[in-house]
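Please see the structure below; I have some questions.
Letters A, B, C, D and E name the chains as they come in the text, with residue numbers starting at 1 for each one.
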Amino acid sequence: MILAAAKLATPNVNWLAVAPEIALAGAAVLIVLLRALVRRSRLVYPSALFIAFAGVLVAGGLLVPQWNKVQNHGAITTMAGMMRVDGFGVFLGGVVLVSTVLALLLAASYLEREGLEGPEFLALMLLSATGMLAMTTANDLIAIFVALEVLSIPLYVLAAFDRRRLTSQEAGLKYFVLGAFSSAIFLYGVALTYGATGTTSLTGIANFLAANTVLDEGVLLAGFALLLVGLGFKIAAVPFHMWTPDAYQGAPTPVTAFMASATKAAAFAALLRVFLVAFPLYRDDWQPAVWVLAALTLIVGSVAAVMQTDVKRMLAYSSISHAGYILIGFQAGTARGREAALVYLLTYAFMTIGSFGVVTLLGARDDRHSIGDYRGLSGRQPVLAGFLIFFLLAQAGVPLTGGFIAKLGVFAAAVDAGSYALAVIGVLAAVIAAFFYLRVVFAMFTRSDGDVGTATPARAARTIDLGSGAVLAIAAAATLVIGVVPGTLLQLARDATFGRLF
Amino acid sequence: MSSRDALDLVWLVPAFPIAGAIFLLFFGKRIGEPKAGWIGSGLLACSFVWSVVTFFALRDVTPRAHVRNVFDWFVSGGLSVKVGFLVDPLSVTWILFVTGVATLIHVFAIGYMHGDRRFGRFFAYMNLFVASMLVLVLGSSFLVTFLGWEGVGLCSYLLVGFWFERNAAATASKKAFITTRVGDFGFMVAMFLIFAKLGSLDYSTTLPGAHTLANGTATAIALLLFLGAIGKSAQFPLHVWLPDAMEGPTPVSALIHAATMVTAGVFIVARAHPFFEASGAAGEWVAWIGGFTALAAATVALVQPDIKRVLAYSTISQIGYMILALGVKAYAAAVFMVVTHAFFKATLFLGAGSVIHGSGGVQDMRVMGRLRKYMPYTAGAFVVAWLAIAGVPPFSSFWSKDEILTKAFDAHNYGVWILGTVAAGLTGFYMAREVYLVFFGNERFRTVPVVAGGADDEAPPDANEPVGTPPTQFDTPTVSYGEPPRPVLLTGDPHESPPVMVSAILVLALLAAIGGVLDLPFRSLEALNKWLEPVFADVKPVHPPSFLGAAALSTLSVALGVAGILIAWALYKDGLRDASRDPADERLGRAGRIFGHAYYFDEGIAAAVSGPVRRAADWLAFVVDAKIIDGAVNGIATLVRKSSDQLRKVQSGLVREYALGIVIGVALLLVWIVTRAWG
Amino acid sequence: MTAVVFFVFAAIALAGAVGVVLARNPVHSALLLVVCLVSVAVFFLQEQAQLLAAVQIIVYASAIVVLFLFVIMLLGIDRQEQWAEPIRFQRPAAITLGVVILAEIFLLSGGTWATGAHSTRGALERSGGNIKPVAQVLFTDFLWPFELTAALLVIAVVGAVVLARRSGQPVEFADELEAQAATDERDEEPVA
Amino acid sequence: MTITGSYYLVLAALLFGIGAVGLLVRRNVLVMFMCVELMLNAVNLTFVTFARMLNDRGGQAIVFFTLVVAAAEVAVGLAIIVAIFRRRRGATADDVRLLRG
Amino acid sequence: MSSSFPVLTAIIATPFVGALVVALIPKQRPELVRAVGFAATAATVGFTGWMLWHFKTGTAGMQFVERQPWIKSLGVQYLLGVDGISVFMVALTALLFFVGLIASGSITERLKGYTIAMLTLEAALMGVFLGLDLILFFVFFEIVLVPMYFVIAGWGHDRRQYAAVKFFLFTMAGSAFLLVGILTVAFLHQGDHHRLTFDLGTLTNWAPDGLSTGTSRWLFMAFFVAFAVKVPLFPLHTWLPDAHTEAPTAGSVILAGVLLKMGTYGFLRFSLTLFPKASVDLAPLLLVLGTIGIIYGAIVAAMQPNLKRVIAYSSIAHLGFVVIGVFSLTTQGLDGGVFTMISHGLTTGVLFLLVGVLYDRRHTYDIAAFRGLWRVAPILGGLFCAAAFASIGLPGFSGFIGEFLALLGTFLVHRPYAVIGAAGVILAAVYLLWAFQRVFMGRPDEATAAMPEINARELLAVVPLLGISLFLGMWPKPALDRIEPSVKALIQHVENNSNYRQPDVAKRVVRRAIAGVHK
């Protein structure tokens, strides 16, 4: 048996490449162990928290040498080609980890406040982040599929984590049912692609398609159409978006922030990689479809948000429309488009986590966020109101915020690629979006003459704790810096996408 | 100091009143009555003196024109406009009588405006008014003239609406400004056309260049300028503002009618006559409009009950003569008429002012009568001016009007000549009617029952009453045709005005009497004609009339004038038996009503403005703008909101529907894929 | 022989699948799912995936379906389901779309399904079991996803524990939520 | 007659379709979830069939991952279902609609 | 200060730094907030004055140019410069903000936020007029919306939410097309020259030849929409009356005085330079809309029952003159257009300030609520009267010079528009004098009789503006001398790149003179 095992040609593992995932998963496992072994100590939760942050920070720290290595020596392909660590992956890995650490910071105080302390929460979040990280570097449809599940399943649980709230459970259930459904569709797409090309490796597919002309391309086309559906579901592209408002609204707010930022980054990583690496030759087939998806996403996301009365739900819709902007960058299919998508994802992560961060702090115990409750906020909570106004304006794409640079990038990519109409739809969607951002802004800014009965005193008295404060400060600072001096970030994004993806 | 040096200082002429205006605007209230009035009058007198100096200086230079550019106003592209003054016989004639007459009116006003709470401001406006007029006539280019032209408009607005507490005054001032602005539109477009064709707006380059223009262009320019003239000179159809302008204090009316405003139209046509010369058709238009206005306004004046209103229509009529003269290219005659008219019309208005002042603010002639007994000097001056305007030789207007009619006849423009001649007869009648009703006949101001408490009719009426008094029935002292005679409130007898007023009237009356010597129709005595010759040198002379023919024509017009006077004498020599019944009106019957209502022209416009025009504007503002355009904007917003609501409905919360959404997406995506694979 | 087996079990599989959908009692659905899964296992056998066939029956047909049945019993929903469809058009739309999508897929396949390269991860054994070659691939080429599935299992355990743990008093917000929605709509100032 | 791969693939597609339609038409969450299993199963069949047609080991290996994923999903999914329906009657998906709009 | 002093950056940065300083002052110290606000705006006025002093007359090019790379990967630069077209807009902005803060003395509620918003707004507007990189310009163009939104929404009147949102969305929708247009120009240029740049100078040199006729027309229209909304041109104007009416006094002053000019400035700076051919071809569209604006704005203004709306609609009419002047593409027209931009800022500013004075006393803009105010408050009435006549375009005030030149320039090439536009001059008198009559004339009613006269602070805000308007009306030459070289260069650029030739009036005169000799 030992001999037989020895005969097995184990693939060459580049440990640097997998180290971040190991760090995250290791931290998660540690927390689980801690939870299992030490049952009744007050220290469990703080230590779990410490481990979680340590894990994320270590993982993040490991991205730095990865980046340097990748920049200096080219991409690392390892795990039998299942994994490809390149600038693109590292960059989005960074986005994921930044989102994770911010979401963790938010969650830390939120859980305490809501009496939901659970090391499991942290473990699940870390495991989900592991999946996301794996997704950013996955170079094989199966790896993507598994990573997709690794990131999704914890999210189902996390969405339903607040057991006292029916809405939280409902969010989990809906997300789960539809997530499983879309996974099945995605997997069928993988199957068809496999049948059509004989491989699930992205590079393999690309090479195959480059070397062979597939005469009966129907199965192939159907395959990647279904892949588009599966990933479109994760990024909440219309018409695969309908879970988003419900799941985002129902889930505990830090989870929503995490879902909105990190998941989107990971899913876009997969989407971009699959289509730009595996199917660049079929651009004419998928590009129009993506065009339509982007347009629909922009329009529906923005329009549907207009009449929302719940701020959290409105933000969910706005995240849908943001996906539309990123799709614009994807649709361009150029290096500029990829670059723009990356910039957008990072900026968006800061903006959206910032927004949800404020919402987290303002949420009542029932996690309702009626716009009426925000009335007069600038008087009661000037700092929080200021942050939220800033984040909302940034999301609206006001210049000198990251939101503008991000939008500028995708529009530039669209125009560069000749997709003028899509650019126009994008800018008009931004106008509609501005409408509902402004509604919230106005509500906060309106003079509160004490006529607002719904303002919960507890909420009014709530102070900003250290963690949340840090999140808001970091997110705001980042959004601002990106808006004012975007040079470094744009250069990073350019380095991340320099040349071909494979 | 050489003559040229003196002419270079011509800017002093408008500078005096401008300085006065600025000074009085800021310090008028502090200085108070009557010093403010004396300062205003004094500065104007300085201006007159300097005008005289300028006149003598100009006599010494050849050619008889001098341009003094003060500074570059603005330069844009090929357009260069300098603020400069053109001193030539035409402008000097104007500044002389303007400053002279205006000074006297100012002096008169010191008495007339006694007790007004805005005494200082009144003189500031008056000074500015004269200054604007001086800029207008002295301007070396169309644009500088236009500067004064608009300044005149502004001041007329301020002065007509001086007693703005009265709604009638407020409305009249607005009407004056807007109506003349219609004319200004013509002036502006004329300037555009002149610049487009001649590349400049200076008189010195454009006027000599006028003859190079195509006939049509010249006609267009001429008629557009004439539109401006119509507005300022209150000719048909833009005459409507002038009768209402009576709402201002009487010295203002005198200034408007005699010196500063209505003659501006005559001036601009005279100044720009090369364009009219270059155009064949423009002159005809001008002559006919002038003739028509002269006659029509005279008919309206026949039956007016208001002492000032008769004079107002008479002004329109007289200016009609001047315009007629311009139309038949009798420019010098027109200028002559302007000057004489300034004298007698100023006399008449100040006389009327004196009457109103002395009789407690009454303006209704039907309740006057036999006032010569109470105000003899005023009556004397008024009679002189009456004879002058009626064209009785040897008073001034005889000479000027006669010259115009002769020129019209010589120009073979017989239609116009007939209009003018008939109007001369009517002038005799209505002026005689006024004189008889006011100064002769029976005393009627005691026969009408006195209503207690009607203190609002006093002039100046409301300016001194405490704030917040409710408006009274008679907001304005002006009496319209068809209104019953108003009750009179007189605590004592009517009285003569103070010396400061009377002296001004008497000086003017003297001028009115002898003004004719300026231009007697005898060789070597045509002083004004000769003086103006350099200006109108380019006018093709009509063949000189035979002396006999001219004499015959004058005899005819004088006869008509005298006939008019006699008829009036017959009708009014005993005054009125019943103040509410006017014999002339009754004899004219329906025509009288039409005349009385000024052919319903003004009323028609008013009805149109408050009716269909207003409705159309309302429709534009509240239907087109608010409902359609803004409605479309809000409609888009509503559309988005409705769509949003629809999308919310789609988002039903039912997970199976969400799944259906995904499946629909898959199906559609595959449709596209199928078309790609099989297409 | 293979044809007969195929058609018989295809019929059974389809019947089972249709049965899952049509059975009004969830217990029946679960049992019919087993039928379907077992039939598929037969196809696995036919296609030289012996190990998979076994795993299919052990993991799927037994463990998973048992879990289903367990939950059905736990929730006490082993009853007839209302057959009425509350959502209008859901059924016709679902069936139409299902047919359309299938039609599209068949149209796209056009009879030639497998156009890909052969044996990219190594050929299958023609005779004998495929256990060894498949396992070999699993631990070499598919090492990374394999490692990731470890995380998946941790997740499944932790997730299930977290969710099923009975703690904290549930709060009913439903009524309040709806009331809030109503007031929200009233609060809204008309904009644009 | 020979049973080519296409037969299996068509069968798998049919199963997949039935599963998808089932998910749409059934109101019981558990049954919906079973339908997902049906779909995954169809995919498995597809993979195995392709593996045979392409003579590739990969296809079979992939099925293992599907199975693991399905198992994990079932564990978590059922936990969610239990958590949410423990206090309600029935397990009807349509009843869960606090969140909408 | 040396000549290399980055004065333009100082002009943008000063108010912004002021805003930051204000942000650090505690709420409880309103007097400090005010002091810093005044200091910042005054310093901006000072820097602007320095710039004006050192501005070289008689040259067309950009002066005080500052150039720094900003976003390298997109080739975006921090590029500032000022020429004759923008120099007075900068000055006007500095002045109006200074005056606006003086006029904001009645604002006590949330003064800090207000001051921050105003100062940010000033910085952004300065950036709009100084930015010479298309993206930089767009950044400022867009950012303007935010503080303006807050000024309206935070300190406006009853329908402020509606007005603020409408303003924001309307103008944002317009600039949406601008952004796409800008990107398109830059990328098409990149296609030709393999260098992505948004430098206006570079693109100006390339675009006229580099773009096909069709493309340049589309792009012109994209730019047009953005600028037309800002101007605003009929029928895209309906945000304006609402925004102006609901904004607080200083907000209205800035809106009318500066914000609207962003549109006309945009036409001058971008549309004409980048798309000269399309500008010539599509000028009739602009002329028609401008002319409609003149007449329509005036008529609708006349019918408004709300004094502020009257003035708001009058802005539509005034900007109509600017538009026809600019698109007459003649020296006089452009001179007049630019001059009217300045003049309108002054006169309408005064009118809004005075209406604000009324509002502070009576809390209404309803014309019917006032009567006979002149009697009660002679100085206020006199100033309003003067401002009204300045706005009407009375010679002697700046308004006349601008409108006259604009109409004259238009007349040279497109007579009907000029003639119709000139008719608008009549209508201006109608609506303003009518409103003036209703508010200030007649017998004062009791409510009006109790109103106090204008106070010293308010006078301090109003008088300088009116004084400058008078000065520029009497002696516009210094301004025109600085405007004209840039205007001429712009027309030269248009002529070089199209078959349009400005009519040379001077030549015509020479010809005519010769003809006259031969006659």
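Following the convention adopted for this analysis, a residue touches a chain if its C-beta (ideal position, glycine included) is under 8 Å from a C-beta of that chain, and two chains touch if they have at least 3 such contacts.
All of these numbers come straight from a predicted model, not from anything done at the bench.
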Mutual neighbours - chains that touch chain A and chain D alike: B, C
Most extensive contact between chains (C-beta pair count): C-D
Chain whose Cα mean lies nearest the overall Cα mean: E
Separation of mean Cα positions, chain D and chain C [Å, integer]: 2
Centre distance in Å when chain B and chain C are each reduced to the mean of their C-alpha atoms: 96
Whole-Å separation of chain centres (CA-atom averages), chain A against chain B: 78
Of all residues in chain E, the ones touching two or more other chains: 161, 165-166, 169
Chain A residues counted as touching two or more neighbouring chains: 142, 145-146, 149, 153, 156-157, 160, 163, 166-167, 172-174, 177, 181, 185, 194-195, 198-199, 217-218, 221-222, 245-246, 308, 435, 439
Residues of chain B engaged with two or more neighbouring chains: 637, 641, 648, 651-657, 659-660, 663-664, 666, 670, 673-674, 677-678
Residues of chain A touching chain D in the complex: 142, 145-146, 149, 153, 156-157, 160, 163, 166-167, 169-174, 176-177, 180-181, 183-185, 187-188, 190-192, 194-195, 198-200, 245-246, 249-250, 308, 313
Interfacial residue positions of chain A with respect to chain C in the complex: 8-11, 13, 18, 25, 28-29, 32, 79-83, 115-116, 118, 120-121, 123-124, 127, 130-131, 134, 138, 140, 142-143, 145-147, 149-150, 153-154, 156-157, 160-161, 163-167, 172, 194-199, 201, 204, 208, 212, 214-222, 309-310, 365-366, 368, 370-372, 375, 435, 439, 454
Residue numbers on chain B that touch chain A, as the complex places them: 640-641, 643-645, 647-648, 650-651, 653, 655, 657-659, 661-662, 664-666, 669-670, 672-674, 676-678
Of chain E, residues touching chain A in the complex: 69-74, 109, 113, 135, 138-140, 142-143, 145-146, 149-150, 153-154, 161, 164-165, 168-169, 172-173, 176-177, 179-180, 183-184, 186-187, 190
List of chain C residues in touch with chain A within their complex: 104-105, 107-110, 112-121, 136, 139-145, 148-149, 151-152, 154-156, 158-159, 161-163, 165, 167-174, 176-177, 180-181, 183-185, 187-188, 191-192
